[in-house]
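Each of the two complexes below includes chain A, the first together with chain B, the second together with chain C.
== the complex of A and B ==
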């Protein structure tokens, strides 16, 4: 017993503080369990999938927007698009060589075509061909002379998301 | 100082400081719309819708519009996403046009905005 202060036991204030700390610790541990849970992992995988497709669409949009001459869906919509690009020096590549994107066999592919054949490219930026798999109803729509719209529906690889719709509007800068 | 004495102003300030120290990173995360767990998918969809709005605006002929009302974005009705495009002459550079696209979603106290600005020559090259 401390005679000087005359305190005995713990005060109400200390009990309250202890309870608060206990609640915070309990809440934090529950939260960390939640962060480690399967639900959270699935949500992260789904988000990563969506973000990857959007990054890929950024690349595709960039490629199409900077095309020198946009050839194929001149009007209306199509499952494929073709355009002429500039070479590394800035000169226009001869018109028999065209690049394009094709929705075929449930996937989006980056292709090049010349007078003889259409062949798949190895990769577009950091994305390898096919750029998207498990996609349906993909089409390129020429909304107006300066505007192209890409839209498709895709299913995630693990089947947790079905027919998520992706749409991009592209301003064709050189038309 | 006895136990029952009220907290001094200095101690109260200390508590406010400690609370701010803990909460400030979350406030910052909220202000940049980047709280990682909540609604990142909604945020992604909103940013794509914003890009689409901007690209659509750039591909149309310019028409001056300022303070135009927000309109629902097609395809994002479930989010309650509304967007608008403003096109105005640049206040400082008369040869340029400022195109600003904005999207907004969420209920009042937690509303989020994203905006994108683009500067273009008045006449196309």
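== the complex of A and C ==
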């Protein structure tokens, strides 16, 4: 085959390059369609949902690790945990005021309790109550005097993921 | 001019385009590949920032400890100010955390927490609390930690601080180490127990099941025997018994676990570990069951009670307290600071036994001498045999009026207002002291008889190698004068009014009594009786077990006198972190 065809026709080079760019353009458009697809959106939502729960767990862990006296559970596991916190000056708040987290009605809630009642708090950091919805089998386990494990299974809001398990082990700094 | 061929004219932009496309694809691949790593690194950075902030608190606590040991301001902890610490701690500059890390911390504020001492918590003085704020940063993350640090005036708070650790926990692996030939043999034969962290090499047990097996009063050998050695026919609990009364007549602190039978304490008890009453025994505190702070005790007791098949009928220990609350680090004197303090404001006695008052020669005879001494037999928690110390000590003698024709070199006249004596040589001590006094030596202090009994003056003994008893004088006197049993009985009762750092460093005699098979004790030395030691003051650190072993049961008693170091220029002060809280900075 004579490569040098002059201006009379298309060179092999040009054919090859045209094919390559066509492939890249085709691939890119498929890729952009894929980015816009429902599957991708669902995946992004799922990631955002997992990320959000992990961030929330960070906040919960921080709050529990900062507790001055960890009251409950003393042994074994429980659906709720309670602890006493310190005021801004570092002084211990009176023992009738306890804060805690409760797994109830399929959600995790940040609560405060005193001698009379247990009431839900408005928010924990940037997270509003309930902190997690659609969760099951949530429990706080006192693994050892200085360690607490939170675990629960959650379903994503759109129902695409079911029973995804989240666990977090917290070192109780002040026990 | 050469004409460029048509196909070559179009080649250059095409090559550029291909190049850019390749670069773009590679950059995308690298970005995707590194995305997870970057997310991971962000998480690590956030952890490091948090750790840096908390390490700032530990840094501050260590600096506070050093500042307290090296300043006479600590003589009155109640008068310390936040400025005293802030000058030494607060910085604008960031301190690198660790050696290779990219994290930094700084201490931004030290404040005193103004609260009154609560009489319901005798082990804690709420008026000695400080709040420290520290910041940590790594990458774009910042955390701040706020901690409450508690100061403990040890002499004021505790009758016995860490001196009865061995007495209340015993030496539960010593016999097994001895049978195995060495600690290493014992550890390798019981590797599973050590690897799981249930037992450490000092013999401290952290597992309720093993604790029960080790200390059950009728148990069998809980350990595996090392190869080629027979297993022992008993457990430690068969030989361990702690009924009766505590030698401490006042608040007691132990760094080790406390294990007792129906034992009576004369004041509140605190341990950094746990408190375990064996079986159905009923330990008591004489002055009402007040303020018992013990870490994880209730948990341990519940676990062991359920093993024994009983429900806890009464709970002696209130509840598990905070780890940081329970542990109080030991106090260590700063000898360099005390030496320089004695040179400027006190009496310094050099290695030749010559004295200097406020830096100028002081013509007082301190009776320098040299002696060869033999100790009692003793052994550590995991040693394989009894040991006996032989010392060649260069010493000085303070106030042994009996031997020196009534000449008392620490009378008020001879002290000339000095409140601190620092001796490079070991010190022999007895008799009455004419002033409030701190006696410091890097060597031993040998107490040779009743000390500081006739006055209400303060006395603090700080010996780097420990405070020991010396029976040389009494033995010689008995040999020379051959007095009656009543005199001997009276003369062997020693009242010591002092706060003693590192007591229990043995009992010494000038007479060689080599141990031949049986250990040497000083129990039946004085007309078939032992010394009776009555300390009015406080004991800090050391190990009183050797004095317990060398005296008859009940002959060692420490009565707490909280004010025994009130007027002195040195006061043992320790500090720990009560609680801390770390938050991200918004």
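The rule is short, and it goes like this: the second predicted complex is superposed on the first by the 167 of 175 C-alpha atoms of A that agree within 3 Å, B and C clash if a C-alpha of one lies under 4 Å from a C-alpha of the other, contacts with A are read in each partner's own complex, and residues count from 1 in each chain.
Everything below uses one rule, namely that contacts are C-beta pairs under 8 Å (C-beta built on N, C-alpha and C of every residue); 3 or more make two chains touch, one makes a residue touch a chain.
Since this is a predicted model, take the numbers as computed values, not measurements.
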Fit or clash between chain C and chain B when superposed on chain A: clash
Contacts of A:119 with chain B and chain C, given as first, second, both or neither: neither
Which superposed partner A:13 touches (first chain B, second chain C, both, neither): both
Touched partner set for A:36, first chain B, second chain C, both or neither: neither
Which of chain B and chain C A:171 touches, first, second, both or neither: first
First (chain B), second (chain C), both or neither touched by A:66: second
Touched partner set for A:146, first chain B, second chain C, both or neither: both
Touched partner set for A:50, first chain B, second chain C, both or neither: first
Which of chain B and chain C A:75 touches, first, second, both or neither: second
Candidates 27-35, 189-197, 243-251 or 531-539 of chain C: the single one with C-alpha clashes against chain B: 27-35
Residues on chain A lying within both footprints (that of chain B and that of chain C): 7, 11, 13, 65, 146
Touching residues (chain side chain B, partner chain A) in the complex: 3, 40-41, 44, 48, 51-52, 55-56, 58-60, 75
Residues on chain A engaged by chain B in the complex (per definition of touch): 7, 11, 13, 46-47, 50-51, 54, 61, 65, 144, 146-147, 165-172
Interface residues, chain A side, partner chain C - complex: 6-7, 11, 13, 17, 24, 62, 65-66, 68-69, 74-75, 86, 88-92, 145-146, 173-175
Chain A contact footprint on chain C (complex, rising order): 6-7, 14, 21, 113, 115, 129, 131, 146-148, 295-296, 299, 302, 320-324, 579-584
